[in-house]
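Below, each structure is written out as structure tokens.
What follows is a pair of complexes built around chain A, which joins chain B in one and chain C in the other.
Coming up: the complex of A and B.
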């Protein structure tokens, strides 16, 4: 690597620490920026700098935002009696895209996975319980992923809320739009059957 | 010349890790190849045909394509989902523990069919067990057998004398029980009470249907857990992580029970 100029080497090294980026891709990124117009490099540098100075965690829902409370928590038109619990900030984006949900959110920042050293205390679960105690809501929608880690996290939250007066719901599980019945696994299919609706 | 491009395998999913846009890296345990690491492409998309067949702790039949680096799953069909294990948080926590230990105690591409069968049995037991911690101790002790660390519980590992029914010592480094005379001179031992030694011997000697009938007092059960943790941590050179989660759930349950039965 000594044949390469130090700043170039440094950027390649930095890029290759990103998830999904190997040394080859990192070099490609670096040389693209090196050869390309100055604008992109400057834009990128600015964006990176602002990433940590101008982004905050909303102290109510723990989503990443421009300010705290975030735009969603601060919006008086939204239904404050419903909170939707999600694993990641990107899940909020996905739910917002539906335009079908008008309540508030709570972002856990992960799901329980002991083998990866992620325990309940590493997630924003205590904050959720405190939030519900401070301002009771009518419904809590557990929208963690429909996999084992997500189920375990949802079950753990339910356990923490035992005895509290709040209606706890879970996103429905069933067949994906555009899917093929013959490829569905028995677990999904049996749930789709159990939770079927009048046509 | 040349290996087949596709091969069939049955497998249990031990661990998963997100990779790239929508892929996952899976750690599988298989009967013919032992532990293998494969990629499941696109599995995080809801429309994936494979996702439901490759859940954590699920047993599936797979078709796998050899890749340059890692092999890639092309088809998956669920055989057994151990559903009883998925719907109960305590059972889930023990399943995490079992999967973590199996993952950390095995190396890739080393066939161990009896261990695969033992894993399947254990998952089934965990889905039904009335005493999860006992089931888990049975698994831990026999896992050590399968991977070559069977602890010596009947003779002193130093002087080879038969162990007497008194309080003895346990040494993870020496791989078993020490009589009181030898134990005094060996560093890093822990005392081992007779009831716990008896249970350990029983678990090591008899099959699961016999062992599951054991009724342990809380104190014995707790010491047993600590003894096994000592052995496991020694071989892993680290503490098993999932135990912390099991203990947290237990603590919270006890706390809840205490408050439920009024303040004293």
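Coming up: the complex of A and C.
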């Protein structure tokens, strides 16, 4: 006999399969929803059900979208000669928030990481090469994460494009704006030094 | 134009209404579910929908349960002369895990906290008093949380029962088992000293 109702137990179990959520946090979510007089649990349930049915992958940039081609790929005002390569859909959101980029995207859906069993063929790299062959692209910005896997992925893509007539760039590495020099790690600081600009 | 699909945005918004979940964590949950080939999002959606339909409040102890009376109240092997008063259903789970308690429970669903606009009438205190009048109870264990609100609630209940022939007890306060004396706060340590026991 359990002290906890089966539907409650079931929801706690499901919540605790989310990343970073242990049984304690899962219980907190569940009892919060139980206590709530508002319809958050219904809203959550509906949003979850819509997630896999109403969402598609854009067949050009592989971003998660309402339709394919997505709103960005289908926007004739955007610069189709520049493609920014990112690891995840969330990276597109981050870049769009800057309002500083007006080209298109290509979402790899991960980074090369042999330790996690993720190899080039698991990512949308082949699709990227094909895309560059199909349409004239002037600049390819490799905006993978500035970590081991991201760097390896960028290097791999660069090798695949050897001999192709496209300018390949990377995001600048340096001190974060609003950051504090004394807290910067040695690697970031040395990159900031090496890539210093005339003021 | 948003860079993010509407169903994705909707789920992020819903997740971020959970306690302790900000937009970043909500995004992480959502994209984890999007990436997942397994049916976690469907499982979550179903568990959420069941939560409010398949769960009842036991009309004796006010615990969340599959049926009323709940499995604990309906268990004739349990000691009906002892009632343990707790704030939340999760406290019942914690106490059941000890396998050291064989009486019944009474769930208040909160603690008195004027700052949060929670007054005695918002809790199941009246129901507790009525329950004590209806059936012979020998011991009432006030197992509210050892904090300001819990202490206030316990004190309030004790006043309501003045003159009633029931033994009212509280859980022992002292050093946590496995804890470290040097890390104990002064209040806990002074309670542990005051309530010291012959070895």
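Going forward, the second predicted complex is superposed on the first by the 196 of 199 C-alpha atoms of A that agree within 3 Å, B and C clash if a C-alpha of one lies under 4 Å from a C-alpha of the other, contacts with A are read in each partner's own complex, and residues count from 1 in each chain.
The working rule: contacts are C-beta pairs under 8 Å (C-beta built on N, C-alpha and C of every residue); 3 or more make two chains touch, one makes a residue touch a chain.
Just so it is clear, the model here is predicted, and its values are computed rather than measured.
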Touched partner set for A:176, first chain B, second chain C, both or neither: first
Greater chain A contact set [chain C / chain B]: C
Chain B versus chain C as contact partner of A:156, first or second or both or neither: first
First (chain B), second (chain C), both or neither touched by A:138: neither
Which of chain B and chain C A:195 touches, first, second, both or neither: neither
Contacts of A:18 with chain B and chain C, given as first, second, both or neither: second
Partner chain in contact with A:120 - chain B first, chain C second, else both or neither: first
Which of chain B and chain C A:54 touches, first, second, both or neither: second
First (chain B), second (chain C), both or neither touched by A:186: first
Residues of chain A that lie at the interface with chain B and also at the interface with chain C: 19-20
Residue ranges of chain C in contact with chain A within the complex: 1-8, 10-11, 13-15, 17-20, 25, 27-35, 40-52, 54-56, 63-66, 71-72, 75, 88-90, 92-93, 95-96, 109
Residues of chain A that touch chain B when the two form their complex: 19-20, 112-117, 119-121, 147-149, 151-152, 155-156, 159, 162, 176-180, 183-188
Parts of chain B lying in touch with chain A, wherever the complex brings them together: 15, 17, 19-21, 46-47, 49, 51-53, 55-57, 78, 81, 83, 86, 88-89, 92-93, 96-97, 99-100, 103, 241-242, 244-245, 248, 252, 256
